[in-house]
Amino acid sequence: MIKAGIIGSTGYAGAEIVRILLSHPEAEVVWYGSRSYIDQNYSSIYGNFFKLVDAKCMDDNMDQLAKEVDVIFTATPQGLCASLVSEEILNKVKIIDLSADFRLKDVSVYEKWYGIDHKASQFIEEAVYGLCEINREDIKKARLLANPGCYTTCSILTAYPLIKEGLIDPDTLIVDALSGVSGAGRGAKVANLYCEVNESAKPYGVANHRHTPEIEEQLSYAAGREMLINFTPHLVPMNRGILATEYASLIKKDGKLPTASDIQAAYDKYYGDEFFIRVLGDGVYPETRWVEGSNFVDIGFKIDERTSRIIMMGTIDNLVKGAAGQAVQNMNIMFGLQENMGLNMAPLFP
Amino acid sequence: MIKAGIIGSTGYAGAEIVRILLSHPEAEVVWYGSRSYIDQNYSSIYGNFFKLVDAKCMDDNMDQLAKEVDVIFTATPQGLCASLVSEEILNKVKIIDLSADFRLKDVSVYEKWYGIDHKASQFIEEAVYGLCEINREDIKKARLLANPGCYTTCSILTAYPLIKEGLIDPDTLIVDALSGVSGAGRGAKVANLYCEVNESAKPYGVANHRHTPEIEEQLSYAAGREMLINFTPHLVPMNRGILATEYASLIKKDGKLPTASDIQAAYDKYYGDEFFIRVLGDGVYPETRWVEGSNFVDIGFKIDERTSRIIMMGTIDNLVKGAAGQAVQNMNIMFGLQENMGLNMAPLFP
Amino acid sequence: MIKAGIIGSTGYAGAEIVRILLSHPEAEVVWYGSRSYIDQNYSSIYGNFFKLVDAKCMDDNMDQLAKEVDVIFTATPQGLCASLVSEEILNKVKIIDLSADFRLKDVSVYEKWYGIDHKASQFIEEAVYGLCEINREDIKKARLLANPGCYTTCSILTAYPLIKEGLIDPDTLIVDALSGVSGAGRGAKVANLYCEVNESAKPYGVANHRHTPEIEEQLSYAAGREMLINFTPHLVPMNRGILATEYASLIKKDGKLPTASDIQAAYDKYYGDEFFIRVLGDGVYPETRWVEGSNFVDIGFKIDERTSRIIMMGTIDNLVKGAAGQAVQNMNIMFGLQENMGLNMAPLFP
Amino acid sequence: MIKAGIIGSTGYAGAEIVRILLSHPEAEVVWYGSRSYIDQNYSSIYGNFFKLVDAKCMDDNMDQLAKEVDVIFTATPQGLCASLVSEEILNKVKIIDLSADFRLKDVSVYEKWYGIDHKASQFIEEAVYGLCEINREDIKKARLLANPGCYTTCSILTAYPLIKEGLIDPDTLIVDALSGVSGAGRGAKVANLYCEVNESAKPYGVANHRHTPEIEEQLSYAAGREMLINFTPHLVPMNRGILATEYASLIKKDGKLPTASDIQAAYDKYYGDEFFIRVLGDGVYPETRWVEGSNFVDIGFKIDERTSRIIMMGTIDNLVKGAAGQAVQNMNIMFGLQENMGLNMAPLFP
């Protein structure tokens, strides 16, 4: 039985790790870290766990944690994981960091977009970017795992095969994405009050959202060269779910546009054996309700011959594949377990 | 492996049985009945099951079903199950009926409140009312199981111990309940359109909702005499969840009102060992979000000494404990499985 | 042109006064008080007023305000208005207080339920309780107007005629009410975040909500004797709207229950000429969507002969008739204007 | 007093015309056409109008209507208006058609995208496209007014000045739009049920939505040449509101990208005097909540120097500026009234 500790267990992502691991046959949470709620019953904060979790919230004692657990999930604001990690810690325990601290390989990009100094840049190179379907082999050996962002997971996976196969022009990629409100976290802010969000849709972080360089870095690897994109996130009134609608110009071969079959073949090549990626195919569009509560990624597409563009669409549950689910998937890979263990629950609808 | 057939598998309750049984280690759905969608892929109707269910919708052939399955769930409108059941069928297969056809012991009450003739009244006496925590012993032997209504499950369980123990006056019981919209089913009606329901709350079925006699019958057994109640359902804008707020006058003993400890003791006496009932206790109130997606019933209460009344509050997920979950719980009991098998998922929040 | 100042103009009720007075032909806001946002553009806080309100937020300078305006609306937390009012101020300007400071005539009841000392109890007797349809004559002469609470407005008006006419037993009255989330205000609290409220319903303040004594006091006047009630508020996921469902035992006359006509006649007697009260009648139930954005009160009822009880149901928009709309209605009465001036907008649906 | 008749008065757009005209000082509805509800009280279908509208629904008798009213609003499915209009009718009464029948100048484009034969193509040339801020002069003289679509109004107005001024490359324009559910109408369809739409976001009509050629035609006039765009609508769970997020490559002049000031100047040039268009400016983004219930169009933008693109964002209330409000604005222009008469209500928030 893998013993897991969570730093930041009272945020939405932390609580989702708790939910998932409660059904996991080979792992259990033994440390519910939460600075804000030390000594309070965990189930008094998340009433859904009443009678299911009998534990109190603990402080973030990294040394103690490293002794008691096999894996630490850090579901905390940017900067915290970087301030806690050390060679000594990494020698004892695996770390799966849900923050952005180790996602970007270029520390200057991190410091520019996040506006903070990186406290542990010596571990950036070692850290593995945990987009499971792309980096599986590296993940197996990781000590320090950078769990991808929610928007990024969805945005990258939706476009990856077409970029990798040279079917679309990287310089034309535009990602327009919608997110449910849980992505904004559980902090008490006026902007996230029910009445402020309900019955409204809004763009934010236009041309400067922090997930932009993360998407760009990963897709640049696929493209084989540097690429810049436009990424526009929007907040829409629902609890969970991310929908990325992506636009790119198709690249002609021998004067002809790729066909729907060509596109489908590219998706199949990379995702045909993937349990969690469901390619809906040509003209079938994903909806966030069909992935809610699950670790699935649904992808659909449509070619517009009038404009020679393709529209790619992907959906995930931001708290599952976009955070806690992918973190557990990474844990499974890192510990040699079956990759979908504890993660094969069907989506909840309605 | 128990083979299950579902008649009405494309309604919300039917689809919820599918979702639950996908994770059940000892049962599987082998017949997806749906008259409206015959020959269509089940996952084209419920996209959440894409790649999880590979089956087409079938007609309602009861004879064929009886040969092929061990248990039939009828998640259909009132009257259908009564029109299909027969001694021959019941000799071959167990039936768990999610409609009201066999819930009321007095056929005249059924016919009055539902406005239809009962087609199989000869089976009413045999049918067992499947409120698991109350009728467990009878359920074990049942061939024909009447799965309780959603409002009724919540309303009865919330008040049952206090009535049984004579702590409240049955004649004063008032049940004021709220329901999410999935309780109204998947039929295409203007009244259930998004824009009609969203941003509004409304009472309906005031003083004549069909769940009234069902609550009255079961609570009358507990009271040891006939009782009449007021039951007022309301529709509120959310997908799932029932909240019953119940009022009753406390009965004094030796001139004194029962204390919160007395009330707690009564709940503990009946529910102390129940996996699915979580008594939150004095001054802690249930919220539907804490049970969403799960089979739990959460119950809280508050004594008002000013008015000598008690306010009891209970919550369930109407599609789980109020329909599909309780149906599977009944199946588990009927087939001698562990009662919470396939049903111990934690609630999903947010 | 009446000049109005608002203290607390950046709360939801304050902003609703702004919205209403923008269309009022005889009044205008000249002072947008808001301690939290001093010197910020009002329309930067409420974007709906961009290009409609060109003003900055001001501090709460009561003396200055008294010189510059004809009426002050205090849309502030309990205690503030009481701390600001004085004989000197009241000699210069009319005050319409949307808090509870002057609603209860018994200062000890106020101090017990609100848990604060009353700073200006000498004005309690003079203050007029501004439930327009009941106290219209007193309102005309008021200097200090106590604007009723949202739950109370709806709860009182729904039951008032039946209590006044002796048709129901006051000791049996139970008020079960639902509210949209704007009633909780614009403060940044975790409990009111979108994801905490959405997809959930919950009771709160059971048996101790502060609107209880306010309802009791006013209905006691109607009953001609002291009465105690049960009042249970619930939060449901919508922006606006209150629905009160009220239960009471009917009083027989000559061995007979009152009929629906008797009930209708009682409502007509008190509300037949009221512009803002729409009695829907027997078996027609109000829904909050039909009053959204308007100052209407919709009332329906149903007699249950089985239990000899009546179920009365009322709806209002909590921010309009439950706060800002009634405040403006009171202003109209106090200044001798047509009572529905600026308030006759139709409800917005959907 | 202008007498107005509405064909299709029980759809959402029709009912919104009713709401707006109830506050209009110079117009009144005298004919509530609705084939589905003939002889029923209008207020029994839209409870918000109880005591405000005292009329029954009428059949669609065009000849009778032409005698009794000054203007007919047709808020009906595509094809109906075209089947009713005639020279004789147009000689007697002005028609404002909210359907697409007369929006496209090329009948073959209409027939291709809508899949129906045009029954009155002889009037296409005469019909005026009623985008008020662009076509005001022509609207003044129109007999037959084609009221623009909801997505189109928002999409066109957001990009128009930048295309007209040659600041962006027309061939790169991508419009990604979100809509509330009222845009789907009041028809009873499973896809629009509360539980199907709530807690989900989805794209639809990708690369083939019918508003595409309408946007293209109007923007082509601005560009001075034919242009093709990508337009992707999405459904998000809210009642009202459209948000269009639009992407285009900026055109360099003398090797330099336009600045935010250049962009602002272009918007000011065309919209500086417009009452209903509120240009929020550089880095301020519109949100649908700030226009709800009003006829405003809010527009913001952001230049991304990294990609040399601009992101333009616009919001409207789809039922007001996207349908009924613009229809009344057109009526005001056609009848020589002040353009914002009856339309200057502030947006409703929250």
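Each chain carries a letter (A, B, C and D) given by its place in the written order, and its residues are counted from 1.
Convention: a residue touches a chain if its C-beta (ideal position, glycine included) is under 8 Å from a C-beta of that chain, and two chains touch if they have at least 3 such contacts.
This structure is a prediction, so every number in the text was calculated from the model and none was measured.
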Separation of chain D from chain B in steps, with touching chains one step apart: 1
Relative to chain A, chain with the most remote C-alpha centre: C
Computed distance of Cα centres, chain C from chain B, in Å: 38
Chain centre separation (chain A, chain B; CA means) in Å: 37
Centre distance in Å when chain A and chain C are each reduced to the mean of their C-alpha atoms: 46
Touching two or more other chains - residues of chain A: 12, 182, 195-196, 198-199, 237-240, 287, 289, 292, 350
Complex interface listing, chain B residues touching chain C: 174, 176, 178, 180, 195-196, 198-204, 206-207, 228-230, 232, 234, 236-241, 243, 245, 247, 283, 285-289, 292, 302-304, 306-307, 309, 311, 313, 350
Of chain A, residues touching chain C in the complex: 12, 181-182, 186-190, 192-199, 237-239
Parts of chain A lying in touch with chain B, wherever the complex brings them together: 12, 15, 18-19, 22-23, 46-52, 182, 199, 239-240, 278, 280, 287, 289-294, 298, 344-350
